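Once you scroll down, you'll see the structures, which are given as C-alpha cells.
Presented sequentially are two complexes of chain A, the first with chain B as partner and the second with chain C.
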Partner chain A sequence: MSAAIASMRTLIENDRIRLALLALSLVLVALGPFYLSAYWERVLIFVFFNIALASSWNVIGGIAGYPSFGHGVFFGMGAYTCAILIVRGGVPFPLAILGGGAVAGAFALLFIPLFRQRGFYFALSTLAAQFAIETVVRTWSFTRGLQSFDQGWNLPDLGSLDFFYWLTLGLLVACIGSIILMLRTRVGLALRAIHKDEVVAASVGIPCTRYKAIAFVFSAVWPGVMGAAYAPFLVFISSDNVFNISITLNMILIAIFGGIGTIIGPIIGGLLLSIIDRLSWAYLLQYHTLIYGLMIIAVISFRPAGIASWFKK
Partner chain B sequence: MSAILEVTKVGKRFGGVEAVRDLSFSVAQGEILGMIGPNGAGKTTVFNLISGVVEPTNGRIVFDGKDIQGKRPDQICTAGIARTFQTSSLLSGMSARENVHVASLFRREKGGRTADQITDQALALCGLTGIAAKQTDQLTTSEQKRVEVARAYATGARLIMTDEVVAGLNGVETDQILDILQGINREGITLIFVEHDVRAVMRVSHRLVVLAEGTLLAEGDPQVVARSADVIRVYLGSRYADAR
Partner chain C sequence: MSEIIEIIIFGTLRGAIFALAAFGFSLVLGVLGIVNFAHGVFVVLGALITWSLTAQIGINIVVASLIAAGSMGVLGVFIQKVFIDRVFKLHPLMILVQTFGVAVVATQLAELAWGGGERSLKVEFPGPALLTIGDIYIPTWDIVIFVISLIAAGVLVMIMQMTPLGRAVRACRDNIDSASLVGVDVGRVFLITMGICGIWSGLAGALVITLKPTGPYMHFFWTLDAFLVVVIGGMGSISGALIGGFLYGIINFAAYYYLPNQAPAIIFATLIALLMIRPQGLFGLGTTVRK
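Our next item is the complex of A and B:
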C-alpha cells in the first residue's frame, strides 16, 4: 500500500507527467457523453457541481482560514437570479449565468463586517446569515415566497443532458483554473499569510480585511455562477433545494475530506464522496447516511489534512 | 538629529492592569535605541502599541511627523515601521524565501526593483541565501531569527523594532545577528532593540531606555544608564544598589 502511494507520489511530483495525466483525464471526462449512460452522466454533473462548490468554499475556508457556514446562500442566490432573469426578464441563459455570479459577488460584500470575527464566531455569523436570507427568500413575494401565489420557479428547457454535462464541466475547469491563477498572484500569498498568522501578515503590510474581502467575494461568485447553471438543469427550483443548509455542509465536508487548503483536495473529496454516496445508495440503502458519516469521521480523525495529504511528502 | 519616533504620555490598560503608564521617549533618525527592563516591564506592549497591534488607552505616537496611534498594523508598516516578534512568528508551511517575499510583495516603495530582487537582497544581507528554500520547520533558531530580521528589512521600513532577537542564541550566533543589525543601521535605518542580553544591548545601542512597571525608569548613554542605582535596583534588588 505504502509502495503504491510512494510510486503515485513520484508520478504526481513530475510536472510533465502531471500535466499529461491531467490533460488525459480532462479529455476522457470531456468525452463522457459519448460512452456514459444518462445515469452516470447525471451523477458526474452533480460531481462537477460539488467539486466547484467545495473548491470555491476552500478559497475562504481553507486557504484564508475563515470557515464560512453560510456559503450555500450564494449558490441559492445564483439559482434564483438566473430563474428570475430568465422567467421574468427573458434574459439569455449565458447572461443569466453571469448575472448569478454578479449578484452573489455583490451580496458577498455585505458580509465584510463579519470579518471582525474569527473562527467559531465567524462560522456562526455566516450560518445565521444563511438562515436569515433563506427565510427572506421563503417569504418574499418577489422571490415567489409563500406570501405570493406561487412557490419556486419553473424554468424552460434550455438544453439536453449532454449540454449541461459540458456546461458544468467547462464551468468547473474555469472555476479551478481561476483559483490556481489567483493563488499565483500576491493575493494567494496574502491569503496563506493571513491563514497562518493574521497579526504577522498585517505587520508586513498586508491589508488583511481587503484581502479577506477579495477572497470572500471570489469564493461567492463561483457558487453564484454554479447556482445559475443548476437552476435550468433542475428545471424547478425552490428555497428547499437551492438554499438548503446541506449545500453548505457538503462544500465544507468535501473540502475537508479531500484536503482543506489545497487545490486537489476538493477534487478528490468531490469524486470520492460522490462515489461512496452513490454506491451506498445503490447497495446499502438503509446504511447510506451512516456509511457517509463514518467515512467523514474516520478521515477527519485519522487524516485531518484529508486524503490529499497521503500524496504529499 | 531629529526624532523619527516620538512617544508622548502613552498608556495602555488591559482591564485592571496598567501595562504602560504615561510613557514618553523619542528615537532619533538613524540611531539604535536599546530598550531593557525586567519581565513585565511593558517592552513588548510598547512594541505592540507602536506597531498598531494594540491601541493606546491614552497618549500620542508620532512617526515621521504623523500621528500613527489608532492606525492598523498594515498602515503602520506601510508608513515605515516593521518589527520582529518575541516568539517565532515565521509563517509555517512556507519556505524562508516565501516568508521574506511576502514582505517584499506588499512593500509600497520598491525603488525601481522587483519584489524578487528585494527578497534576494534581504536574504543575502542576513546570510540566508543558501537556505532560502528550506521550510520554516527545518530552520535553526538562529536562522529563524535572521529570517524575521530579513522580513522586517524587506518591508522597506525606516524603523525596525526587534524583540529579543538574540534570545536563545549562542555567542557566535548573537554576534552574527548583531553584525547584521549594525549593517542595516549603517543604511540609515533606525532600530529599537529590546533585549535581555545586556552584553548585546551594550554592544549595539547608541542610547538606552529602561522600563520598569510600564514607566520610564532611566534613559541616556548606555554606559551611564547601566551604572544607575535605580536600574541596578530594578534588576538586582535594592541590596545591590545600596552596596555600591
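Our next item is the complex of A and C:
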C-alpha cells in the first residue's frame, strides 16, 4: 500500500516537473522572435503548422482509430475560404480564420456516410474523396482553376513574420489545449472505447456514429483554421500547394512517427521530422525523400508506437 | 452510336491491363486482408526493368518480361518477409503507412537508377499495325496485349484451382483459422501470395511500358487503379478482377473521353459510391475484408 502511494507521489512530482518544463519551454518558444533569425523563425512557423495538423488528425486517426487519408482537404478548404473571403469580400483576417474553420467543419459533415466503413476501406474512401475534391477545386472557375493565367490566389500582406509566428503559436496552443479538454469529456472516453472495440462500445449504448462525427468535425475544424492562417502567410496559394496529397500524408506520418493516439506524439514527431527534413534538405538534397521514407519504415517496423514510447518505461 | 462502341472496345482492351495489374492486389486483399500501398511499385519497376533489359542490354522482350516479372515476385516475397510480417497484427493503418514508406523508398531508388522521367518501349511486331472492324481501327498490338493478359489470367486461375499450392491459398482466403487448423502453413501461404502478386503485377508492367510511357512516380496511380478494379469486381476472385478490369477500363476511357478535366473526380466519386453501396464488390465472394 505504502509502495503504491509512494509511486503515486513520484508520479505527481513527475507531473509537476513536466508541467514546469512545459511552461518553461513554452515561454522560451514564445520569446522566439527576439533571438531567432528570420530563417529559423520561418522553420518554426512550419513546425507549428505541422504539429497542429498532425494533432488534429490524431483525434480521428489515432484516438478514434479511423485513419482518414483525406484530411488535407480541410486544410486546403480553410486556405481557399480565407483567400476567397479576403480577396473577393474584403473580410477582416480574424473573421476569415473563423470562416475557414467553419467551412471545413461544415464540409466534414458530408463525410459522415463514409463512417460505415472501417480500416482500409475507410482510408481508401477518404483518399478517393481527397482526389475527387482536389480535381473539382483545380477545374472550377469559382475557385480559379482551369485557366492558367488566373490559377490560384494572391493575398495582401497582412502582417510581419513575427505576427505570423505568434499567431500560429497561439493557434497551436489553442488547438492542443482544446484536444486535451475534449479528451477529458465523455467524447474522449467514447472515442477510446470505439477504438478498442466498436461492437462492444455500441452494445453498451454508446452512440458510435454521433461520437465519430463529433471527432471528425473537430479534427476537420482545426486544419481549416490552420489553413486559413496559412494562406496569407504563404501570400500565394493554389491547389498545388494547399490541396496536395503530401499535406495529408505529412499529418499521418508525423502523428505515427511521434506516437499515434497520444498528445505528446504529434509534438515530438512534428519537431523531429521537421528538423530532420530541414537538415536533409540542406545537406543531402538528392537523398532527402529517400531518408524520409526509410525513417518511416524503420519507426513502424521496429517502434510502431512511435518515438514517444521511448520516453515511457 | 459508333462512338459508344469504340469506347467499349478500347475500354475493354485497356481494361485487360488494369485487370492484370489488379490480380495480385485482389489476392493479397483476399488472403492477407491488407491493402498494399506499394502495389504500384511492382507494375512500375516491372516496366522499367523490362525497358532496361530490352533497350539497354538487348535481351529479347519476351525473356526480359519474364525476368522482370520474376524479380518482382522476389521483391514481393521480400516485402512480405521483411516488412509486412512485422506489423501484420497491428492496426491496418500501420500497414498502409509502412507499405507507403516502402513505396516511397522504392520509387526514390528507382529514380536514382532510371531518373525521374518516363520511358517507353516500341515493339517491332510482324504483321499489320492496324486491324479494321467495320469502320473502327484497332492497333494490333493492343489486341496482342489483351490476349496475353487473358492467358496470364487463365494461368493464374489454373494455378489456383488445380495445384495443391492454389488450394492452400484458396483455403486461407476462405477462412484463415480453419486453414491453419487443418495444417496449412499460413505464413508460407502469405509469402507465396505476395510472390504471385509481384509476378503478375510485374508482367502487367512489362506490357504497360510497350503501350505508354512509364516513370517511377506513377506507382501510386497503379495502386489506386488496382484498388478501383477490385472494388468494382470484388476481392479475392480472379474472374471478379477480370470483369472489374474491363468495367473499369470502360469507365476510365469514357470519363477521359467525355470530360477529360473532370475525369479523376468522376472516377473517384464512382469509387466512393461503390464502396458505400457494395464494399464486397459487384461480383465479390460475399466476404468483406477482415481489418
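One rule holds for everything that comes next: the second predicted complex is superposed on the first by the 297 of 313 C-alpha atoms of A that agree within 3 Å, B and C clash if a C-alpha of one lies under 4 Å from a C-alpha of the other, contacts with A are read in each partner's own complex, and residues count from 1 in each chain.
Note that a contact is a pair of C-beta atoms (placed from the backbone, for glycine too) under 8 Å apart; a residue touches a chain by one contact, two chains touch by 3 or more.
What you are looking at is a predicted structure, and each value in this text was computed from that prediction instead of being measured.
In the superposed pair of complexes, A:I296 makes contact with chain C only, with no contact to chain B.
Of the two partner chains, neither chain B nor chain C is touched by A:L158.
In the superposition on chain A, A:A220 makes contact with neither chain B nor chain C.
Applying the stated contact rule after C-alpha superposition, one finds that A:I179 touches neither chain B nor chain C.
In the superposition on chain A, A:A231 makes contact with neither chain B nor chain C. With both complexes placed on chain A, chain A has more residues touched by C than by the other of chain B and chain C.
In the superposition on chain A, no contact is made by A:I63 with either chain B or chain C. By the touch criterion defined above, A:M251 reaches neither chain B nor chain C. In the superposition on chain A, contact is made by A:A129 with chain C only, not with chain B. By the touch criterion stated above, chain A contacts chain C in their complex at residues 61, 65, 67, 69, 113-114, 116-121, 123-125, 127-129, 131-136, 139, 146, 249, 252-253, 256, 260, 286-287, 289-290, 292-294, 296-297, 300-302, 304.
Chain B makes touch with chain A in their complex at residues 51-53, 72-75, 77-78, 82-83, 85, 89, 91-94, 98, 101-103, 105-108, 151-152, 154-155.
Chain A contributes residues 186, 189-190, 192-193, 196-197, 199-208 to its touches with chain B in the complex. Chain C makes touch with chain A in their complex at residues 29, 34-35, 83, 86-87, 90-94, 96-98, 100-102, 104-105, 108-109, 112, 224, 227, 261-265, 268-269, 271-272, 275-276, 279, 288-289, 291.
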